[in-house]
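Note that the chains are named A, B, C and D in the order they appear, and that numbering of residues resets to 1 at the start of each chain.
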Amino acid sequence: MEIGFIGLGHMGKAIAANLIRAGHSVRVWNRSPEAMSELVAKGARAAAKPTEVVSADLLMTMLAHDQAVRDVMFDRGVLAAAQPGLIHLNLATVSVAFAAELATAHQERGVSYIAAPVFGRPEVAAEGKLNIVVAGDAAAIAKAQPALAAIGQKTWPVGERPERANAVKVAGNFMLASAIEAMGEAVALTRAHGVAAAQFLDILTNTLFAAPAYKGYGAMIAAEKYQPAGFPMPLALKDIRLALSAAEAHNVPMPFASVLRDNLLEAIATGGGDQDWSGLAQLAARRAGL
Amino acid sequence: MEIGFIGLGHMGKAIAANLIRAGHSVRVWNRSPEAMSELVAKGARAAAKPTEVVSADLLMTMLAHDQAVRDVMFDRGVLAAAQPGLIHLNLATVSVAFAAELATAHQERGVSYIAAPVFGRPEVAAEGKLNIVVAGDAAAIAKAQPALAAIGQKTWPVGERPERANAVKVAGNFMLASAIEAMGEAVALTRAHGVAAAQFLDILTNTLFAAPAYKGYGAMIAAEKYQPAGFPMPLALKDIRLALSAAEAHNVPMPFASVLRDNLLEAIATGGGDQDWSGLAQLAARRAGL
Amino acid sequence: MEIGFIGLGHMGKAIAANLIRAGHSVRVWNRSPEAMSELVAKGARAAAKPTEVVSADLLMTMLAHDQAVRDVMFDRGVLAAAQPGLIHLNLATVSVAFAAELATAHQERGVSYIAAPVFGRPEVAAEGKLNIVVAGDAAAIAKAQPALAAIGQKTWPVGERPERANAVKVAGNFMLASAIEAMGEAVALTRAHGVAAAQFLDILTNTLFAAPAYKGYGAMIAAEKYQPAGFPMPLALKDIRLALSAAEAHNVPMPFASVLRDNLLEAIATGGGDQDWSGLAQLAARRAGL
Amino acid sequence: MEIGFIGLGHMGKAIAANLIRAGHSVRVWNRSPEAMSELVAKGARAAAKPTEVVSADLLMTMLAHDQAVRDVMFDRGVLAAAQPGLIHLNLATVSVAFAAELATAHQERGVSYIAAPVFGRPEVAAEGKLNIVVAGDAAAIAKAQPALAAIGQKTWPVGERPERANAVKVAGNFMLASAIEAMGEAVALTRAHGVAAAQFLDILTNTLFAAPAYKGYGAMIAAEKYQPAGFPMPLALKDIRLALSAAEAHNVPMPFASVLRDNLLEAIATGGGDQDWSGLAQLAARRAGL
């Protein structure tokens, strides 16, 4: 397919490279040009302006937050430059409110908007093993399937309204943060009784919690190694905030999410802003004087 | 081995049956005699009094809480009747404070005390697939190994001090309760946005959270089926209380455990006392008016 | 003074009436005209458009939330119509972010912006007994003093940056909500032990907590009378949300505020949206099955 | 009256002195004899053994916790030495479970048991201005009135069942802790926006929160002076634990109390064990990096 791609951070670079590898024709744009050069070396074409990439079958964007999407799509004129019939696949985690706003704006322009947030860290993206939650027009999703297949191990459709995919994504990240916090508190408790973190987590993550999320973060907690930050505290706070505001829109109380928000704020306020979010376990230990 | 076994609830019956199946000579006692008859039918001998079962190589007990253990071991004279050299394997989840008290009392009597709390529901026990966390004298644990092998898939030693095994157990149960609560809140959030619980949990429990704990409880939450109660709310509250008091003994704050305690109290106070603890998800939904 | 006044809700009406009573010349505007008629009957002049009221020494606004202020000041052109030298006294509780934005916009226009949020319910406003927290240019505050004196018992200056006054106001409302929640939980505890709410609150609000906030809300809790809603749940949620976002701007964790947010969401989701925020006590009792 | 008095800590000394000053005949006993000497200098007689003080009209005890009361009344034989008809006024804050146990034990002995926990710090006790919550037999309370009048400004009866008075007391202390925490969080929020703690608290504690509790603790928070500890963190933790267990006995969730418990544990674990409980405000500030 002809694919335009905007947003070449850690995730975007890995995803775009997989599209090229799968034989798609990819035109890229990124705010800082260095990342573009890397992709050009792998076979992409570079665009001089973001509006250039829309002459394609499919536009894919992987941007950091609502504001970055707003900047590219609205302020820099990408949506206005798009032709009716284009499909826009937004891979980023945006707020459910903004997802709804984007859906309306695209509809007015005759562009299909597919929310397609992904589960997986950069190394998972590099292997083409992302799990992709998609919501939007079924026919458009079907057309985008070759691109989705190139970057993920599975596509999980959740209906037509794009914000549903975003709700699933932020709820999933909330569950990850909860798993980290629960491990952190449990490790503080057992360490206080003389059991090493590695020993405790070895038992739990090989039995009841033998899942990727627990094994990966459990290893970081056991090693007390919170850097480099695969998913830094401020991004984690952003996602918990998105979960809380998506919940608030429908009056859903989330006491665990509230605890996580407070803990992430404290971690950031007390010097942990460049740690991975698994550093929540360090906070749990510090609170116990460990 | 010659094994005395006290406590034939759902878990105890399944465990004792596996001991018989493995060829051990088992003498049982239980407060209500019906359960003894079942085991006798499978090859056990019934004791008229609990003190009779101690003339064995190994005493195993599976009782519901501290008070029941205290009643049998102290008030009914089982420990006083024991000969020096006996090994007592306590399979139940008791408080860390009581675990330490038991250890001392056994030592004074010359009986080896092994804390051996297990992870696994009755059906797992029936399959002989429990995970057993053990703490106590290493030589005694080695002697008990034939019995442990008959009832569990793996034994996880965590040192000599018995209360360590109990700390691991209550911390593990705390992690289970946290996983349930996190699923419950996440499902409330996504349901409010129109995503069915089954759909959301299908995604999460087959990707990041593809672990036994999430799959099992996730299925109950998706089906909104909280009865029969594999692990009823009041027992869950007991275990969270044990986690909190074990933590308090070393000044370990556990904000997630505090939320769980409040939620379990509310669930019980508002009619959910005979539900499985996965009913915490129902509470999360009800709070959101769902 | 010549005073323009926009926003004639329960609070605004009472405040404007006191300005008239003190001899000021007051021109009013309100979105729905009925409220204007009431004030005209007391001696005010009605404006046909909000922009008309700015030809005055002082503009006072009492609007419900950020969006209402934005609508009047920006969308309806009130700020654009203002002459340099005008003083704008904003009595409403707005977000600290918006307070800063307003300050800048007014400065560019040469208009003095004074944040002047008030503590006090409508009946307190009617008695001219409000406590007014002010922040802004000291000279402008001095000029506005005759108006402030007419509506409040005391003016509390907190510096030049307007958002400080808003931070104080939302922090104060957070403390009120905390007092309500604490009474609610304490009453649930003592009722469960057989002590009537009125008896318990009689002791506490006449001894350690002999303060207006406790006496007022305590009386509502003792009577279980949460309607009419002097300060309805949704407004309370708005204010707690403002406190949380003001805190988040500086990475300040507020665990009590998080609990309050969850509880207010639940109260609203389960049918309490038209109750006074003291209805939090009803939620505390319901959770205990009382 | 003839009064026996056991327990001469800060509170007990001040109370016993007021009894002497009011003309009562007081015989004292205390574990460490120094405190007895002080009281003898003021007119008391010293007992050689605690059992000596029971030959009186009234026995008053002011001991630190359940264990201390158990030690004196049961282990040291004070209750066994008492004559039927004696009235025992227990001024301490004990658990509701122990209050019920004490009531039964006294009844079997023919001794009237009155729970009479007090609100007020040592300086308030010294002025004879305590507020005393009493529960027990009405006739016995009437007989004890001369003593109660000598030590408190008011007696608040809450019925016959002694544990009710204890429930009121621990609920009141929970409200105090909540007020401190709320001030601490509010001060962290406003300090982060540039408002000094003293300035913020000056406004709030002279308007909505013009109550003794807020003024007293507010002054300590404004001065950041948490020592000497009028009420040290570990005692505060004990009282919150008593509130939580009294609540748990009737399935009453108390989310604020849970937050307080976690915060007190953290304060103690991180070096604040010898601070006054108003040091919770320091923890709130530290969490925000202030």
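The rule is simple: a contact is a pair of C-beta atoms (placed from the backbone, for glycine too) under 8 Å apart; a residue touches a chain by one contact, two chains touch by 3 or more.
The structure presented is a predicted model; accordingly, all values stated were derived computationally and were not measured.
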Any chain in contact with chain A as well as chain C: B, D
Greatest separation from chain A - chain, by CA centre: D
Whole-Å gap separating chain C and chain D, where each centre is the average of the chain's CA atoms: 38
Gap in Å, rounded to a whole number, between the CA centres of chain C and chain B: 53
Residue numbers of chain A (touch at least two other chains): 247, 250-255, 259, 263, 265-266, 269, 287-289
Residues of chain D defined as touching chain B within the complex: 241, 247-248, 250-255, 258-259, 261-263, 265-266, 268-269
Residues of chain D touching chain C in the complex: 96, 119, 131, 133, 154, 156, 158-159, 161, 163-164, 167-168, 170-172, 174-176, 178-179, 181-183, 185-190, 192-195, 199-200, 202-204, 207-214, 243, 246-247, 249-257, 259, 263, 284, 287-290
For the chain D and chain A complex, residues of the former touching the latter: 255, 265-266, 269-271, 286-289
